[in-house]
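Pasting a structure here, questions to come.
Letters are used for the chains, namely A, B and C, taken in the order the chains are written, and counting of residues starts over at 1 for each.
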Amino acid sequence: MAIGFRKISYIYDADMPYFHDALKSIDLDIREHRITAIIGETGSGKSTLVQHLNALLIPQLGHIEILDHVIRPGKKNRKLKQLRKDVGLVFQFPEYQLFEESVLEDAAFGPRSFGYSKEEALDRARKALASVGIPESFFDRNPMELSGGQKRRVAIAGILASDPRILVLDEPTAGLDPDGTRLLLDIVLSLNREHGRTVIIVSHDNDMVYSYSDDTVLMSNGRVVYSGDTLSLFNNSRLIEENHLLVPRIVELKNRLREAGFEVSPSTRTVDELAEEIAGEIGR
Amino acid sequence: MLSFPFYFSIIHLMSVISVRDLKFRYDEKISLLDGISFDIEEGDYVAIVGRNGSGKSTLAKLLIGLETPDEGTITIDGKLLDDSNIDQIRRKMGIVFQNPDNQFIGATVRDDIAFGLENRCIESGEMNHLIEKYADRVGLVKLLDKEPEALSGGQKQRVAISGVLAMQPEIIILDEATSMLDPMGRRTIRELVEALHRERGLTIISITHDIEEAMDADECIVLNEGRIYAQGRPEEVFSDAAGIRSIGLDIPFLARVREAFRKHGIELESSDEEKMVGELWQLASGR
Amino acid sequence: MMRAGFGKYIALDSPFHRLDPRAKLLALVILVVSVFIPLNWSSYFLLAIVVFIVIRLSYLKLSFVLRTMKPLLFLLVFLFIINALTLKRGELLFEWRPLALYEDAVVFTVRIGIRLFLMIAFTTCLTATTKPLDLTLAIEYILSPLGIIKFPVHEVAMMISIALRFIPTLSSEAGRIMNAQKSRGVDFEEGRLFEKASAILSVAVPLFTIAFERAYQLADAMEARGYVPGAERTRYRALRYRRADGVLLSLSLTILVLMIISRICL
């Protein structure tokens, strides 16, 4: 198990009359080497949960096991820096965190903060930038000169440069055009499939979740309503209805085909797979 | 036989927006728009699509006069757009920008909708009526006294639309108004825009890279590298899957479905999901 | 919820909250001037009564107002020490060789203390009962005659009100950027000077970038919506004088006059 939440509760403004209990005794396991999506309405507790992954927030109750760290309530948690290196958290619109004078320096900032020497940091930065498709000619440029999609990839490189074992991405494709989206998701996919990194994606885009994630965690009102296989979640009409989930287009089509009398396998994920299946049935 | 210039000038008179040979350079090396010409009829819902960098956002700014073209002309409602009449012409147009926060000027929803009215020197007493009316049209009456920090992106964009409607324009430009929103927010805005188009016969120009949104429009203009790549009804324009993909866009979901079935020798004609399923069933039971 | 905060607006519905911000602002100026005129204790007593009445009419807690004075206490102690060492007139009150405390030093310090207390109390009542935006409107209105010397009063007021609107937005953006940089290993609490400077830059530079981009986009939006700096425009939030405002102003002026008289005659 990469991550284990054990009876985690978190309350915002606990000592105020207007406190808000964002996480209510959460028990959750996230598997290593998989792509796990975290979905849920705004206010369901997704971002609160995610901020516990690298100890930006510390729970008031319960404890969290992340790789070989254990986070407990109180101020005694040590070695948080190491945790933040192991769990790379990429926020929404990460291009806003760029601030150094050159693309290379900014990508090297993370490794520097985590204690690598200047040479090592720059070397790691170069490799990370290459892995996200940023050409060398860009390395000396001011980050602000780049396009939105390029800046985003530089920001992600900045997190990858510290070689995190777990990568967490909050709405990674927000605001990107189709090309940018495709590029980014290819990068994420290769990080998981080729390098075995555990990837966690927080998203509202259920089409993307259905196509790319192995597991899904569905949150509602501070609780985990579902945690498991992605396909099973979106084939479960009760859960979809109860949680007002936006159904991925392919699932909608599959449902219609089923209603019309076709036999559709629950594990069909892409349009091509679906066409092949249906064409096969028609041929018979 | 009447001459071509005569017909040309007639079309010119009928279109509410006419763009001819528009060119705009960022600097000597980079040309954002490289000779664009098109006409938009009154009451049309036109989608202008293209990847980031295709020139579409520049086009939006040129249409509302925030930038001046290096070459070419823009004619709105028969009047040639230039510095002298820009304020007049702007009265007929409203624009909603991409970033929900960076166009929200007022301290509350009310104050923001009022901003445009204040600029038009509407009397204070009349303003309240307009504000309530147009807040109601976009479903925000309960949020009138909220501050922007308390609103979601979709709600803020609805405030922007409400502010635009309150000025009673003939033309509404949406400059990637949904690209920073989540799917729920995008859907709300799309439905609102479609409804407004139906009810009021407004001319709507939607600049977007969201292909499903472009399918809502009557007509689609596809830009690539500062030029028009294709123009026509959305179904026609997006039927050229390879071409559309080559310029960095995607084709609509149903077009992808059709393409996938084509690979297996099945040609589907319907443009609607329900009918498509029906077609497939026909094929299955026909054997 | 009434945390001490000099300048913080407290949302209540008191008679004072309902007064016109212009009247309140003018009254404040008049009353603050009045505080600095008289020299005798009975005048200060009268002013103190006025302050207490205003505090009650604003539905504020006395403890809240007193808490805004806390930073003052330190200043007063410091002032007292200086005065004790320099003012050597009046009756000798206390001696502890080689130091000697004279009457004047005590009187002078107490007088300054009272004046500062009154001034801050009056100002706190203004800021606690008036929304920043309303205050901006009031300032704009009062300064509008400056338009004669071509000072862009309305444009400045517009800029201030937009800045106010964005304070909470920038604040939450700063928080988000801090979280993003913490996730990159930045430690905002510990570290040597160089690291601390780097930490601050990692938040400041993005904030500035966001602010500039925002400024450009806002300018476009404002222009597209027909805003022309310097042109005439109407106001949605119209300020209207009511009788109570007139009463406030007349009372303030009365107090001013009384203080002038007390200074001259006593």
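Throughout what follows, contacts are C-beta pairs under 8 Å (C-beta built on N, C-alpha and C of every residue); 3 or more make two chains touch, one makes a residue touch a chain.
All figures in this text were calculated on a predicted structure; none of them were measured in a lab.
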item	value
Topology of the chain contact graph, where touching chains are joined (line, ring, star, complete, other)	complete
Greatest separation from subunit B - chain, by CA centre	C
Result of counting contacting C-beta pairs for B-C and A-C, higher pair	B-C
Distance from the mean Cα position of subunit B to that of subunit A, given in whole angstrom	32
Gap in Å, rounded to a whole number, between the CA centres of subunit C and subunit A	46
Inter-chain centre distance, subunit B versus subunit C - centres from mean C-alpha coordinates, in Å	47
Residue ranges of subunit B in contact with subunit C within the complex	61, 64, 66, 87, 90-91, 94-95, 97, 99, 101-107, 110-111, 114-124, 127, 131, 147-149, 163, 167
Residues of subunit A defined as touching subunit B within the complex	42, 147-149, 171, 174-175, 177-180, 182, 204-206, 246, 249-250, 252-253, 256-257, 260-262, 271-272, 274-276, 278-279, 281-284
Touching residues on subunit C, where the partner in the complex is subunit B	133, 161-162, 164-165, 168-169, 172, 213-214, 217-218, 220-228, 231-238
Subunit A contact footprint on subunit C (complex, rising order)	1, 173, 176-177, 179-187, 201-202, 205-206, 209-210
Contact set on subunit A toward subunit C in their complex	17, 51, 54, 56, 81, 84-85, 88-91, 94, 96-99, 109-110, 112-114, 144, 158-159, 162
